[in-house]
Every structure is written in C-alpha cells, then in structure tokens.
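Next come the structures, one after another.
Shared between the two complexes below is chain A, which pairs with chain B and chain C, respectively.
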Partner chain A sequence: MNPARNRLDQLIDEGLASYANAAPRWGLETRVLRNVLGKDSAAYRFPRWAWAIPALVIGFALGIAVAPPIRTMFSAALNPSLIGEWCARLEASSLSTRIRESELFWWYIEGGHLMALAVMLGPALMLDLRLIGVLWTGDPVSKVEKRFLPITITGFGVVVATGLLLFISEPVKCYESPYFRIKMCLILIAGLNALVFHSTIDRRRDEWNTTLPTPRSARVAGVLGLLIWTAVIFAGRYMAYTFS
Partner chain B sequence: MSGIPKTISLADSLLSRRKESPERDARFTDLVHRRSLFVFRVAYAALRNKSDAEEVVQETFLKLYRSDAIERMQDERAFLARTAWRLAIDRRSKTVIVMPSEDLAASGPSPEDAAIAEDWNTAIHRLIDALPDHLRLPLALSTVNEMTSREIAQAMGIAEGTVRTRLMRARQILKEKLETLKGGSAP
Partner chain C sequence: MIWFSFSKVFPELTPFVKWCGATWIGTYVRHAAWAFKFIETVHILAWVVLLGSTLLVNLRLLGMIRGWSVEQMAHSVSIFIHASLLLVAVTGILMFLSNPFRYYDNLAFGPKILFFAIAALYQLTLYRWVVRSSKGGIPLWARIAGGSSLLLWFAIGATGRAIGAI
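Entry: the complex of A and B
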C-alpha cells in the first residue's frame, strides 16, 4: 500500500468526521416540544408542588424556634463535664480573649461570616432548585453545578474559618446554647446529604444531566439541602439573639 | 422558507389536540429526545447553517406529529432522515441563491490557505463544500451518525448503487485535490 495514499485517506476520514459534527443551541428538544405540542411538555411544566417548598422551609425553621422539646433535647444531648470543661479552658485562652476583647476584629469576623454565608448559600440554593427542577431547567445540571459549586465551596471555606474564630471567642456560650448544637447537627446532616448525593446519584449524572423531571433521589437531595441550610441560618440567628 | 410555520397557530393547535392522547404525546416526546440531534445533523449536512437546520428540525417533528406517521412508521431513523432531508433541500433551493449558507460565507480561508496554515480539517471542509451537489450531499449525509448507503439512498430517493458510486467519486476528487494541495505545502 502507498503510505502517502493512506495518509490522504486518513486526512479525509478525519475531515469527514468533523464535517457534520455540529450541535444545535441548547434546548432544541424543549423548543420543538413547546412548538409542536402547543404547550410545555409535562416534563418541563413548573411543578405545582414546588410551592410547598417555601412553606416547608418556614415551618421547619419556626419549629426549631418554638418547639420546647427540640430545645430540651439538644440542651441535654452532651455531657457537660467533658466538652464544657474544654470550652471553659478555650475561653480562658489568650486567643479567645484577644478576639473577644478586640471589638474591631470581632466585627470583621462577624461581618465576614455573614457575607460568606450569603456567598455560599445563594449559589447552593440555586443548585438545589435545579436538582428539584424549579430553576435553570434550560441548562444541564453539570453546567449549573460548574457555575455555582466553586462559589459555594469558596464561601464554605470562609464560613468555616470565620465561624471557628467566632466559636473560639465565646465557646462556653456557644456550647450552652441549644441552637448552636442544633446548628452543628444540621451542618453535619447537610454534609451527609451532600456526601450521599455525590457518591450515589451524582455519579450517574450523565444519564439524567439534561432530563426532566430529575430523578427522585436528586430531588430529595435538593429539597433536603434547601430545608437544612435554611434551618442552619435560622438556628444561627436564634443562637445569636438568645446568648445570655 | 417552506409552508410549515415556525410556531403553531390556534387553529393548528386545536387540530393537533383532536389527535392528542397522553400515550401518543409521551411517545412523541420520547422520539424528540432520542432523535432531534440526528435530524439536526441530517438537515445541517444539507444546509451547513445551524439556524436553518434547527428550523428544519421543528418542521420535521411538526409534520410527523400532524400526520399519523408516528403510529405506522417502520424505521423511524429512515423516516426522519427522509423527511428532514426533503425539507432541508426544499429550504435550500429557496434560500441558497439569495443567501448561500452563512457558515460558508467567504470570510473563511480558501482550501489552499487553510492547507498552508496546516489546518487540514478546514481545508477538507472547504473542498467538500466545493464539490458539486450530487456528490457533496451523499458525502455529507454519510458523515451523519454513521448513516449507511441504504439509509442515504432512502433519504435522497435514489438507488443505493448510485449512492456508492457518488461516494467513491467524491472521495476520489477529494484525494486528487488534497494531493495537489499537499504538493504545495507539507502538513
């Protein structure tokens, strides 16, 4: 065989392979269904039950504040002799004292904590709403995740750092607050929720990246994310305003 | 622009709803999800313009939905390829003289320039675009989702043997032109 001839065949095959390899604008199927069926297909309709989400979130958050059994449960949950003593020693440390007594530093930490919460939770909620199928349904999950997740992770890093400093400044008060314990438990549950999501259904994302409705487990992860993080915010605020 | 509108009118919508059933809609929705990219590529092979190809996708599925073909078609791939191809050729014959495909606008490099710039893919695309239609169109279709000669023949409404001959002839011409180009510039 003539090698030059083979090279030409190879060049032509490569050129042909890319010749018709065009992709339409995103959402062609949606536009076709919308135009042809004369309505949004059932899969793309705004789910009515989605209105229940804010109601659930508010109810859950209020429940934490007003239900005495929940507070009592978290007040008695930990052994005061061990962790309490450790918190007392931490509060007596020079670092804790310096943070507590430096007004300017404290305000910066508190402000940074709140700012980072917004940076973290705004995109996280957007991603949760995409998983549920309420917002950004015109974009693949991977695209939404790529857009929002790095911001959430950055925000989370700052939240943890500033939160740790805030805790160090007043560890005993934090420890004694049932809302702080609720908040920590909720953050743990949120972490577990993310871990379960990323290690199960998210591993098969290629199968449902562009389909609607999203799989049930993805929607459950999204709803749980919304509920838990909202409750974390409420618990954090209750904690701040009930410090004795 | 063919006679089929881009968006459905109220009368069209009412007409469609007469035949509407949840099962039929579900089957149609599934078909759109599975085959819209294939239909797009068939149309794009003929038109070389994304917007026009998308319009053809809309028209193809609208035509399918309005007819009863969705219930009786034997080979959905062949049926969709044929319908999309005819609509694309129809659209092309009406638009190509006035607006000869925006993706092929003269702004790009010539095959010689592209080859000199060592971008052989661009050079080959230009050479394919320069082929006469009766050779270019079957060649373009052969690049879509591995369409066979039989499927191309069905879509174009010509004999399978003719398709094979034209594909061979098209490749032969491409080789000759590439040889000439390569003589002028080594990749």
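Entry: the complex of A and C
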C-alpha cells in the first residue's frame, strides 16, 4: 500500500475522532429549546413592585381628597396659581431664557424630539400589532418584545429629555395650553396602559406566547397603545399651533 | 451649505406654481380652518411611521437587530413603508397646493425634496436589491446601504422641520 496514502487516512481518522470527542458548549439543549419556544425574555419581565407606583399615586390622590389634615398640608402646593407662578419663575431662569433666545439650539431640540419620537414609535407600533395579532404572527411575542422594546426605550429616553428642555424653554405657555394638559394626561394613560399590560397579562406570556388569537386583554393593550400615541402626536402638533 | 430654493433653481416654473395655488383643492385647504393643521399632523404621523419602519430594516442591515433575516424584516414592514410613503406624498402635495409660493421660495424645501427623491428612488430600486442579496452574513456594502438610508431619512425629517423654521 502507498505509505503517503496511509498517512493521509490516519490524519483524517484522527481529525474525525477529535470532532467526535468535542463536546458542545455547555447548555446547548437549553439554548436550542429557548430558541424554539422563544422563552428567552426573562430580562424584560416587569417587576411586581411596579404596581407600587400607580398604587401610591392613587393613594396620594385619595388621601388628599378624603383626609382633611393631609388636604390642608397639600392645599398650598396644589393651588393652581402656585403652579403657574412656579412656571413663571422657571421661565425667568437663565437656562429657560438661553434656550428660548438661542438661534438654532431650540430648533435642534425640537427636531430631535420628533426624530426620537419616530425611533420610539416605529418599534412600538410593531409590538402593538403583534399583540393585536396582525403582524409578526410567526414569531413569539417574547421575541418581538425582546428585539423591539430596547429601541423604543432608547427613543423614549431621548423624547423625554428633549421634551423636558422644550418645556423648560416655555413653561408658562405650556402650562396654559389645554393641548399640553391633554397631551400630558394622554402620556400618563399610555404609561398606565403599558404598566398594566406588562404587570398582568404579559407576566403570563408563556401561556400565549405563540398562540393565536392573542388574549383579549393583550389586544386591548395593543389597540389602546396605537390610539393613545396617535392622539399624543395630534395634541403635540396642535399645541404648537397655539404657540405661534 | 445645502440650502436652496426651487424659485432660484427653476424660476421658469413660476406659472405652474401659480396654477397650483389656484386649483380648487389648494384654495380649499388654504381657506378651511381645520384642513391645514389636520393635514400637517397626518403628514407628521405618516412620517413617524415611515421613519420608524425603515429604521427597523436599516438597523437589521447594520446588524443591530438580530433574530430575523434582512428579507423577513423588509417583508414584514414593507406594507408600512409603502402605505406611509403614499400618505406622506399625498398630504405633502396637499400642503404644497395650499400655499405653493411658501414652499417654492423656501430654502429648506429644495433640499428636502431632493433628499426625498433620492430616498424614495433608493428605497424602490437599489435597496430592494440590497435586501434580496444580503442573505446569511451582511456584507459591508449592505451595512453602508443601511446606514446611508437611515441618514437620508433623518435628513429629510431635519430639512422638513427646517421649512417651518426658516
């Protein structure tokens, strides 16, 4: 037999043996199962203590409305004219004046606010449609949430930051604008909607992660999200018309 | 800089622009109290959807979203891209008709339309080819295509906002 050929066979055998002996990285089965079932989104599970936020707000409101000593304690702070005064003081501050009287900075913030809104709402729209069961129905809800929510949250951060700067630049006009008040209420409702969704039906996501149709409450959350954010854009734009 | 107005570049279009303002739809939008605000808000809403959905495909091309192939991603959001492109164009044309000389003379309107034409052409031609041919790994030129498309759409938003600022 050809000795060179023999040597080659031996090398191939050794190579194959080393392949066969190589163990896969630890946790292969879990990874495959996760990918198959889409149950890899523990990171985006809402904490239960988040319920404390609306509970506190409601408790606070009830306390002010019902208990007289607490009401007297807060009546001064809740006086609407005081909020107006606070806005006026904010408007007189150097930061507010500087933003308001800047030539380009204000427009950059305003533009950034809009762009970030698109970055926030594009992925949110997709998630809402998945919850309603219209789009991305081939993918588990957890996957859509995991891939899209980080983009939405990033956009939301920029929207809030630029929005705060815009508010600081003209607090009195904002405070007096009915559209601004509507917009803030709508954002609050949108937040509550997200909170309720993530802390109730979304906690039991494993039960309906891949099944269609999606549960009624998930569909309600999706439709509410779409409607509220559309209304927020309308309120925000109409607010600007009253300013100029 | 990038700023130019169509009235400087194409002064011979003046009769056409005048005609645009005289069309009944233009006259209607100009005079109805509710129309312009509503149309502009829908324009912004459609643009938000447009940028948001192209963003997803572009982030996928850049490799920043994983879990779907470029083609799957583009296929899923294509209905939004096309519907919002249509809506943006229709509302944009209505806004132009309502007060054509405002836009004809505007220094930001020129670059905006230029960017929009490039982006729309890009989206409907070259981009499709990029999406179709980036299976498996994402080649460098596909990343460049995604990045430049993203920049273009943001530039359209910025110049569009500047129309009201200038």
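The rule is short, and it goes like this: the second predicted complex is superposed on the first by the 163 of 244 C-alpha atoms of A that agree within 3 Å, B and C clash if a C-alpha of one lies under 4 Å from a C-alpha of the other, contacts with A are read in each partner's own complex, and residues count from 1 in each chain.
The definition used in the following text is that contacts are C-beta pairs under 8 Å (C-beta built on N, C-alpha and C of every residue); 3 or more make two chains touch, one makes a residue touch a chain.
Please read all numbers here as calculations on a predicted model, not as lab measurements.
Participant: Return first, second, both or neither, reflecting whether A:V160 touches chain B, chain C, both chains, or no partner chain.
Facilitator: neither
Participant: I'd like to know which partner A:A17 touches here: chain B for first, chain C for second, both or neither.
Facilitator: A:A17: touches chain B, not chain C.
Participant: Applying the document's definition of touch, where does A:P123 land relative to chain B and chain C: first, second, both, or neither?
Facilitator: second
Participant: Is A:T230 in contact with chain B, with chain C, with both, or with neither (first, second, both, neither)?
Facilitator: Touch partner of A:T230: chain C, not chain B.
Participant: Using the superposition on chain A described above, determine whether A:E29 touches chain B (first), chain C (second), both, or neither.
Facilitator: In the superposition, A:E29 touches chain B alone.
Participant: Check whether A:L8 is in contact with chain B, with chain C, with both or with neither, and answer first, second, both or neither.
Facilitator: In the superposition, A:L8 touches chain B alone.
Participant: List the residues of chain A that touch chain B in one complex and chain C in the other.
Facilitator: On chain A, the chain B and chain C contacts do not overlap at all.
Participant: If you look only at chain A, which of its residues touch chain C in the complex?
Facilitator: Touching chain C from chain A are residues 107, 110-111, 114-115, 117-123, 125-126, 135-136, 139, 143, 146-148, 151, 230, 233-234, 237-238, 241.
Participant: In their complex, what parts of chain A are in touch with chain B?
Facilitator: Of all residues in chain A, those touching chain B are 4-5, 8-9, 11-12, 14-25, 28-29, 31-33, 35-38, 41, 43, 211.
Participant: Which stretch or stretches of chain B touch chain A in the complex?
Facilitator: That would be residues 6-8, 12-13, 16-17, 25, 28-29, 32-33, 36-37, 40-41, 44-45, 50, 53-54, 57-58, 61-62, 65, 120-121, 123-125, 127-128, 139-140, 142-144, 171, 174-175, 178-179, 182, 187 of chain B.
Participant: Applying the document's contact rule, which stretches of chain C touch chain A when the two form their complex?
Facilitator: On the chain C side, the touching residues are 37, 40-41, 44-45, 47-53, 55-56, 59, 65-68, 76-77, 80, 154, 157-158, 161-162, 165.
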